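Read through the structures below before going on.
In the two complexes below, subunit A is the common chain; its partner is subunit B in one and subunit C in the other.
Entry: the complex of A and B
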């Protein structure tokens, strides 16, 4: 049985390899911006609640599984990361900040996808959508969510995985 | 290394990544840098620049973009008799073996996996210069 078939049968929110691939992708990409990052303890919420104020989202398709990966940031963490990465000071969410969150999401998904596909998962290429505002982010999701929390020196950010099956 | 008047086209759907590549090229002393947000925008720019007698010297492109992807842009360039020798570097988050093989088969000059740092791009450009000029960088 391929890993993708196993993924389709088990609960993806409890799949350690899937979780680890996204955690490693997040840590590598955020570190590359010059930002220290600490991983928190993953947890599952029965209903999606937006954790950040800006999010990059990617539809996740592998075999029969359909889900959404959301990389969300609170204001202070995204401003801190962009200051380290681009040497730019931002104090409000604007198109430049949104574009940068899209690129970070693209890189994190790309790293995780490479790891998982080399294990046989079969994730497809996808282009992220960036959404701002907690209410809008919430409207894209329904159901149980795996939350992978992270912190930097100045704020919090999250990977949120929801699965429709 | 390529001379300071080398003409670059940077293709990426995210302005952030175009900004990062442009900043590194500027730090390396290059000033003639143009941008496109996907292959559909880039392809006529490449053809027009050649027709006008002021062609791009190097294309630096993302892979995964809406409209025309980077690998399709690469295939267009390699399929055009006037452009097929143009150095074409892919800078992408797509780092699976199958992606790299597809890009190599399509004729990519070099491949940089995101995230990357300034030194990686510099080293790749030096290697590309050596390859195209048959000498040490």
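Entry: the complex of A and C
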């Protein structure tokens, strides 16, 4: 039985390998920008609500599973990461910042996808959508959201995983 | 050039810029190309007044001359739009004239936009000097087979591509730098012997030259007769480097362009760079003889920005291999070497219009900060290189005793990869010809760095010892393994 088939049986939010793949992807990508990163303790929220002020979202499709991964940043963390990564100084969210968040989301998803597909999942290519402007997006999905929090010297950022069943 | 021969009245180069400094810069650059007549245009309006050109423009020699330009060299102005305006005006007045645009870090332009507006080629100057010279020659078409060759129409070749006892379908020339004379040592369709080859190897430049117009005949000969173990069997060695440098230039152009970068393009470029670095096969298993061949084949050339990037890439990769880095880190080493000197393009061009880039800045802080400038450039073009590669590029001129640039970091702050890259850059400086020195053999260079490091302690001793041992044991990887085991033990 493939990992994707197994996914159909259990709650993917409880699959440690899936969660780890995204955590490792996040850590690796953020470190590659020259930013120190610390992982926080994961928790579950009953309702999806994008955190931070800018977020990259990618629809995940693997077998019967449909879900969304959202990588969200508060202002100070994303400005700090971009300064380290691209030597660009920003003090407000603009198209360039949005473009960069899209790229970070793409890289993180890409790394996790590679790891998970090697384990037998069948994640497909996907294009990120970037959401800005306060980002208080609610009811994008019904159901619980797994939140993986991270911190850097200048702020917080999150991976939020929701799964449609 | 119609009819050939530089002395005809119709040979003229338009030098177009509102800045007089550009006029003198290009005049200096074209010194070797005398007796080209050069004409200065300082106002774009004048380009459209084609009827009276010979009266309006002051010729270099102070006299009015028959005016029929063969080439235009245009200064990149303060922005892409103004540059395009000059290019368009030139093309309207002289549709047949090739237009070459020179730009630099202080006058960045959107290359695609300028090319679309009619420019035939654009060169980051002096970073792309070697390509500019080559294209200049091609545009002027001055290599007249029936006349003695001009100095700039000669191309150096690798002597080990000549096979004693064979008939050569091209002439071989020797340059005498002291008297600026050119001697034909072997004429086309004659036999070349060992004595002749020795004569070239004992000359100041330690090489032979062929005319640009006879290069194809040389390539064909070298592919057939060369006994050297070339890096690619489809090419002669000289041809291989010309092709590789052209390919590298097309990759570097992404970094030199001031057109809006984006992550998709950045990802494509990084992918191409990775493929380029992989093409040597250094990350996979190699025979000792193959390793030796790579060291030999990439040494003994004239130092230039692009050759240095190619050779330093290979040397860094090979050194990483000798040090038993894992495959992915060898790949990182190759990429770090390839991109290490791209920051030279960010240096101010003022006072740096010598024949080779490495003359003026060699000992200045500005020059030796090129690694850090390069990393910033790569980042600004949205190419997400891995952190270890970025660190190595940034620290490529640092030294473990803290005497390096730009930060003066000591051993503990330097990355493992940067320590290998630092040695590879020093090694490359020694094994290539430059205006300052003749090329040393790879073995001599390693020994020289090793001996010097015993006193100065600039480079990482462990890495250097391993490389020295490997060379001393005739490129035996097993010998390097023994040495590593002893270190661990």
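FYI, the second predicted complex is superposed on the first by the 159 of 165 C-alpha atoms of A that agree within 3 Å, B and C clash if a C-alpha of one lies under 4 Å from a C-alpha of the other, contacts with A are read in each partner's own complex, and residues count from 1 in each chain.
Heads up, the rule we're going with is that a residue touches a chain if its C-beta (ideal position, glycine included) is under 8 Å from a C-beta of that chain, and two chains touch if they have at least 3 such contacts.
Just so you know, these numbers come straight off a predicted model, no measurement behind them.
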Clash or fit (per the criteria above) of subunit B with subunit C on subunit A: clash
Touched partner set for A:111, first subunit B, second subunit C, both or neither: first
Which of subunit B and subunit C A:154 touches, first, second, both or neither: neither
First, second, both or neither for A:102, with subunit B first and subunit C second: both
Which superposed partner A:86 touches (first subunit B, second subunit C, both, neither): both
First (subunit B), second (subunit C), both or neither touched by A:76: neither
Subunit B versus subunit C as contact partner of A:132, first or second or both or neither: neither
Partner chain in contact with A:34 - subunit B first, subunit C second, else both or neither: second
Partner contacting more residues of subunit A (subunit B vs subunit C): B
Subunit A residues contacted in one complex by subunit B, in the other by subunit C: 32-33, 86, 99-100, 102-103, 106-107
Of subunit A, residues touching subunit C in the complex: 31-34, 85-88, 99-100, 102-103, 106-107
Subunit B residues touching subunit A - in the complex, by the definition given at the top: 13-17, 19-20, 63-66, 92-97, 114-115, 117
Residues of subunit C that touch subunit A when the two form their complex: 262-263, 376, 379-380, 382, 384, 386-387, 390
Interfacial residue positions of subunit A with respect to subunit B in the complex: 28-29, 32-33, 86, 96, 99-100, 102-103, 106-107, 109-111, 113-114, 117-118, 125-127
